[in-house]
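See the structures that follow.
In what follows, subunit A forms one complex with subunit B and a second complex with subunit C.
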Partner chain A sequence: MEHKRKHWIGLLLLLPLCFLACYPVWFLCSGSLMGSVQLKDALAPVLGSREGYVSFPVMPLYPTLRHYVALLLDSPEFFQMFWNSVRFAGGILLGQLCVSVPAAWGFARFEFLGKRALFLLYLVLMMMPFQVTMLSGYLVLDTLKLLDTRWAIILPGVFSTFPVFLMYRFFEGIPEALIESAKLDGAGSWQIFLRVGLPLGSSGILSAMVLGFLEYWNLIEQPLTYLKDKTLWPLSLYLPQIGLEQAPEAFVSSVAALIPAFLVFLAGRDYLEQGIVAAAIKE
Partner chain B sequence: MEKVHREKGVVGKMRIVLNKMKTFFEGIKPAAGFLEKNHLAGAFVLFLCMMLGFTVISRAAASFTVPQVTVVKPAAKVIEHRVSADGKVEQNLERAVFTEKNQIVEQVCVREGQQVAAQDVLFTLNLDQLKKSVEDLKKEIEKLQLGSQDALSDAQVAARQKENASARAREDYNTAAQSGDQAAAFALEELNRAEDSLNQFYNRTASAGEGEDALLQQLNQECEKKAEALSDAQAALSQLSSDATQEERDACEGQVSDAQGDLSQAQAAREAYQQQKDAQAQTDMDTQEAQLKADVAAKKYAYEEALRTREKSLVAAKRAIQDADAASASDSTVTSNQLDIDTKQKALEELQKVLDQEGKVTAGTDGVVTKLNIETGGLTAETSAVTLADLSSGTTFTAQITKEDGKYVSTGSEVTLKSSVGGQEVKGLQVTSVLPDEKEETLLDVTVALPPGSLSIGTTASMVVSQKSQSYPVCIPIQALHQDHNQYYVLILQEQEGVLGTAYISKRMEVTVLEKNTEYAALQEGSITTANDVIQSADREVSAGGTVRLA
Partner chain C sequence: MRKNRKKNGYQGLLFLLPSLLGVGIFVLTPYLDVVRRSFTSAIGQNFTGLENYRKIFENTAFQLACSNTLRFVAVCIPLLLLLSLLLALLLQRLGKKGQWFKQCFLFPMAIPVASVVLLWRILFDRHGMVNALLNDVGFAGRDWMNSSSAFGVLVFSYIWKNLGYDIVLMLAGLSSISTDIYEAARVDGAGEWRIFHSITLPNLLPSLYTITVLSLLNSFKVFREAYLVAGNYPDDSMYLLQHLFNNWFRELSMDKMAAGAVVMTLVIFLVVLILTKTWGKEGHGDGT
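Presenting the complex of A and B:
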């Protein structure tokens, strides 16, 4: 009984907080189904000229799929940007698979000169926000003649430090005994990596992927800084200036941008939990 | 991951789809395994496929809504104005053939459009009707002549009557004058007599004033005597001395007083008589004077009356003379009758001529029958019976053009005619005149003189006048020019960098048109140059600022 009561008390405390966290999503979805007149009326204090605060209705009065149709069937620009986002995210993740995973394995299992210093550097770089490295990054990309191309986004992402750190944690958790036994069976480093490291650290890899996807799907600053050609812009830059006239479009495109992230999150939820746990526990 | 609870709805359906996909991808184990394990990942893939589908659909939809346009660069051209119009060849001169009116047409021998010679018979008139008309005319002439005669005799009689009246009036006048004079003279005599009497009376009265009346003299003597007596008595009284006695004084005083009394009596008598005499004389004179004056007045009045009467009768007589002499109204019956007779005589001659020709009417000149105003069995009218086109005078081509086209056609412009029948072309002609049409205000009549023998009368032909302007550097086809509330504009292509790459948008540029014809428009340089791409045509309506794509 006690347990159950505590359970219920805990639930009562958590539910409102949960509601506060979920409300924006509901707000977004109902707004995307709202007619433009009602939407404009609701958002007028924010985006228009009216005074006061926004009062947003919970349910749309006359729900309509018109904006979905308008966006999905009549806006080729949206899709161009969508696929750009997919390319960036996919490209970066693929690159990270190729680059960060071996790097993490290297950090976890090997000892070499300057490893500590390098690791420290990685840590420091991981903490720095984009704005700090933006200018130097711009100069480097300009020297490499990569500005205004897709590689300006993908390459810095591929060589990002955070997934290395995350995966390193997982790889570190693999018992040495397994590696030893593999060595005894005559496996080389490559084979140990592929046969032992990857499967055992897969949860870490996947959690890094999931987190990475969530990050790179919503890139704004890099494309804004490094890309001038509008054909390369990702979805996050679809509505550079949201006015009252584009409010319905904004809502629907936000929902459309939400779905992949949502799906990826759902798919990799378990791995995410594992990743967070792994980051917390030191073995 | 294990399926711990039953999925429902969409997810359940997806499972079914995924199972199907699993059997399809049997060969690719890892993929199949992955898909089976991770239905959410499958959902993700499905989502991506859906987005791919939508991408294609949205691009297809855009291809329907975005207009396809053809563009053209402005070039240097010469604007040629060609005015073409259809018209007809007509004759320059026409002749009308007249005939007697109200005759019956027996037979019409020609058709409209038929060429005739001078001797050809055009139509024949009914002979009986002609003869009847002749007879009628003769009778009318006779009537008129008789009428003239009557008019003449009437005139003569009237003249004579007038003479008589005039003479009589003059006689009356003279008589009136004579009698009037006599009466006046008589009255004047009477007047003079009366005036003489009056004058005599006045003269008598003036002299009779001195002639004394005897009685009056006597009375005067008496008065004197009495006066003497009085003075004697008074003297006697005074002479009396103081010693006189009272009786003597009383007797003297008594004598004095008697004498005074007698004197006063005599004076009174004299006064009375004088007064009486004066009064009577006065009244007698007054009455007489009055009578004489009245007489004079009456006679004067009678004289004046006589004069007046005389005047009146003279005036009356004079008026009578004037009346008698008054001119009588003019009567030109004879002259007008004569004129009618002449006219009818001429008509008679004409009818007689036609009758002599057996009712046949010939053309008189060579020509082409353009209009027949008569029909077999109908009545002829006063207007022309047949209209002929005179071939010898030449032919003209006429056409009508609108006033706007009239800007490019003027007298002397070179024109080419092309006959609609046979396609015969006549070049090197010049416009003879360009005049406003009488009936339609918006049209102009263009005439071109044709050399003889080129095109026959009645042929329809089309004319073409072409006028070339100077060479303009910026010319666009006319389809590329648009108009909006009296402002011309064109749509030019502009490149714009967008999300989908280089896109074209249409931009509206307002232009000034220097000159245009039905094919090209010459624009003023400035806003438009030969480097711009001008949108010439589109498969749907293009709005300024909208996206377009090249066809």
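Presenting the complex of A and C:
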């Protein structure tokens, strides 16, 4: 009986916090379905056209898809920024697949001179916030004439060392016996990597991709620093520029930006968890 | 076992080669250039010794940004660790249902910064939803973004975004503690608090350490929300090192940026060294 009661106290504490965690999505979705009149009326105090405080309705009074249609039909900038974001995230992740996966395999499965030092270097680089490498990144992109191009965002992202470290953790866990038996079958290093490493380390690769996507869908610092040309900006920089005067557009495009991240989260939430854990705790 | 791995050492380097080349070109070489620049003047490239370092440490914006960043970390990290530990302990007891809650808490990680900024604006406006709520229960509202309360908004954003991440880590740490110890303690008649104090906490300590460092590193990303909500020059209370670097960059103060980057590297390097020490204890590293 006592145990049951404790259960309830726990739930009472958890439910409001869960609400807090998920409320933004409800807020954005219901706002995006509201008619212009209701939305304008609700936001009037913030817009300065009425005294008092905002009381945001829980539900749209007359739900409408009109703003979505408007976004789809006549907002070319939105699509451009959306595709910019897709290109950045897609380009970086694709590059990481080609570069970081083999690198992680190299660290996890081979011994060579200087490995310890190199690994420490990768670890340190992974820890550095963007501000530390901001100037060096600028200098090299300037020298290579890549500033104000998509590559200014994609290339430095591809060589991020975090995915290497993360996948290393997964590759390291593959039992040596499996690799030995592949060797006995006459497989070379490259074949072992492709036929044993990739399939058995796939959850590590997926974890890195899910975490990576959530990171690169939110690029702020890099484009802000390396891209002056606003037509190259990702959605994450463009969205906040839509003022509250254009509230319907702001809501609808916020939901549109949320959808890809939401789908990745739904499909990859187990990998997301594995990825978070693998970076911190040694099994 | 390791003998076999050693034999084909050069092949390991081949696997690493593309990554090493990229890291060398895009990170290491330019970084060395930054270190060199930190000892030279902005124009003319004359060697000036520690002049740049003296300049940034005397810079009031740098002092403000440093103290804010430190304050932010000192408030957020303990708060986040405590909250996530508490919630993880709760979720662990809930069993299957806990899984559902855990994903609920993880969800903010997936909500793009740019989308949430819209809500933040409406929540924390002078006439916004938070003040509406405060007003209803009889408190005076305040201008959240343009007063020292902006710091509180920043703390809230960080906790909101990172709570799920830390709960997942805490749960993983908790589940690695053997259930045998708990059962033995219960048989001996130990109470809840005693069990937490003498078993859970000491066994969680190694994980707690890495969780702290990861939370610390994630704390730098709070700049995204801060910048998108409040721009280049937010209220003084939330002016962070990230803002300062961004502004130095816009002013093209390469000398200050270079010195600042080196100082920041040193501080973080210290943290990492401590971190690898603890990871080392668990047998991590190059397979030794």
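Convention: the second predicted complex is superposed on the first by the 245 of 283 C-alpha atoms of A that agree within 3 Å, B and C clash if a C-alpha of one lies under 4 Å from a C-alpha of the other, contacts with A are read in each partner's own complex, and residues count from 1 in each chain.
Everything that follows uses one rule, which is that a residue touches a chain if its C-beta (ideal position, glycine included) is under 8 Å from a C-beta of that chain, and two chains touch if they have at least 3 such contacts.
Nothing here was measured: the structure is a model prediction, and the numbers come from that model.
*Asks:* Overlay done on subunit A, so just call it for subunit B and subunit C: clash or fit.
*Replies:* fit
*Asks:* For A:S75, using the defined touch cut-off, is the partner it touches subunit B, subunit C, both, or neither? Pick first, second, both or neither.
*Replies:* Touch status of A:S75: first partner only.
*Asks:* Looking at the overlay, what does A:V264 touch: subunit B (first), subunit C (second), both, or neither?
*Replies:* A:V264 sits against subunit B and subunit C alike.
*Asks:* Per the contact definition in the header, classify A:L13: touching subunit B only (first), subunit C only (second), both, or neither.
*Replies:* A:L13: touches subunit C, not subunit B.
*Asks:* Between subunit B (first) and subunit C (second), which does A:D229 come into contact with in this model arrangement: first, second, both, or neither?
*Replies:* first
*Asks:* Examine A:M59 and indicate which partner it touches, taking first as subunit B and second as subunit C; both and neither are also allowed.
*Replies:* neither
*Asks:* Output check: A:V132 vs subunit B and subunit C. Expected answer is one of first, second, both, neither. What do you get?
*Replies:* In the superposition, A:V132 contacts subunit C only.
*Asks:* Does the superposition put A:W83 against subunit B (first), subunit C (second), both, or neither?
*Replies:* First partner only.
*Asks:* Applying the document's definition of touching, compare subunit B and subunit C: which contacts more of subunit A?
*Replies:* Partner touching more subunit A residues in the overlay: C.
*Asks:* Please give the least Cα distance, whole angstrom, that subunit B and subunit C reach in the superposed model.
*Replies:* 15
*Asks:* Give me the intersection of subunit A's contacts with subunit B and its contacts with subunit C, in residue numbers.
*Replies:* 264
*Asks:* Touching residues of subunit A toward subunit C in the complex: what are they?
*Replies:* So the residues of subunit A in touch with subunit C come to 6-7, 10-11, 13-14, 17-18, 20-22, 24-25, 27-28, 43, 45-46, 52-56, 98-100, 102-103, 105-107, 109-113, 115-116, 118-120, 122-125, 127-140, 155-156, 158-159, 161, 164, 172, 176, 180, 189, 193, 214, 217-218, 220-221, 224-225, 235-240, 244, 250-251, 254-255, 257-258, 261-262, 264-265, 269, 272-273, 276-277, 279-283.
*Asks:* Can you tell me which positions in subunit C touch subunit A when the two form their complex?
*Replies:* 1-2, 4-6, 8-16, 18-20, 22-23, 25-27, 29-31, 33-34, 37, 87, 90-91, 93-94, 101-119, 121-122, 125, 127-129, 131-132, 135, 141, 160, 163-165, 168-169, 172-173, 176, 207, 210-211, 214, 217, 220-221, 223-224, 227-229, 241-242, 245-246, 249, 254, 257-258, 260-261, 264-265, 268-269, 271-272, 276, 279, 282-287
*Asks:* Mind pulling up the subunit B residues that touch subunit A in the complex?
*Replies:* 1, 38, 40-41, 43-44, 47-48, 51, 54-55, 57-59, 61-62, 65, 497-501
*Asks:* Applying the document's contact rule, which stretches of subunit A touch subunit B when the two form their complex?
*Replies:* 72-83, 86, 229-231, 233, 256, 259-260, 263-264, 266-267, 270
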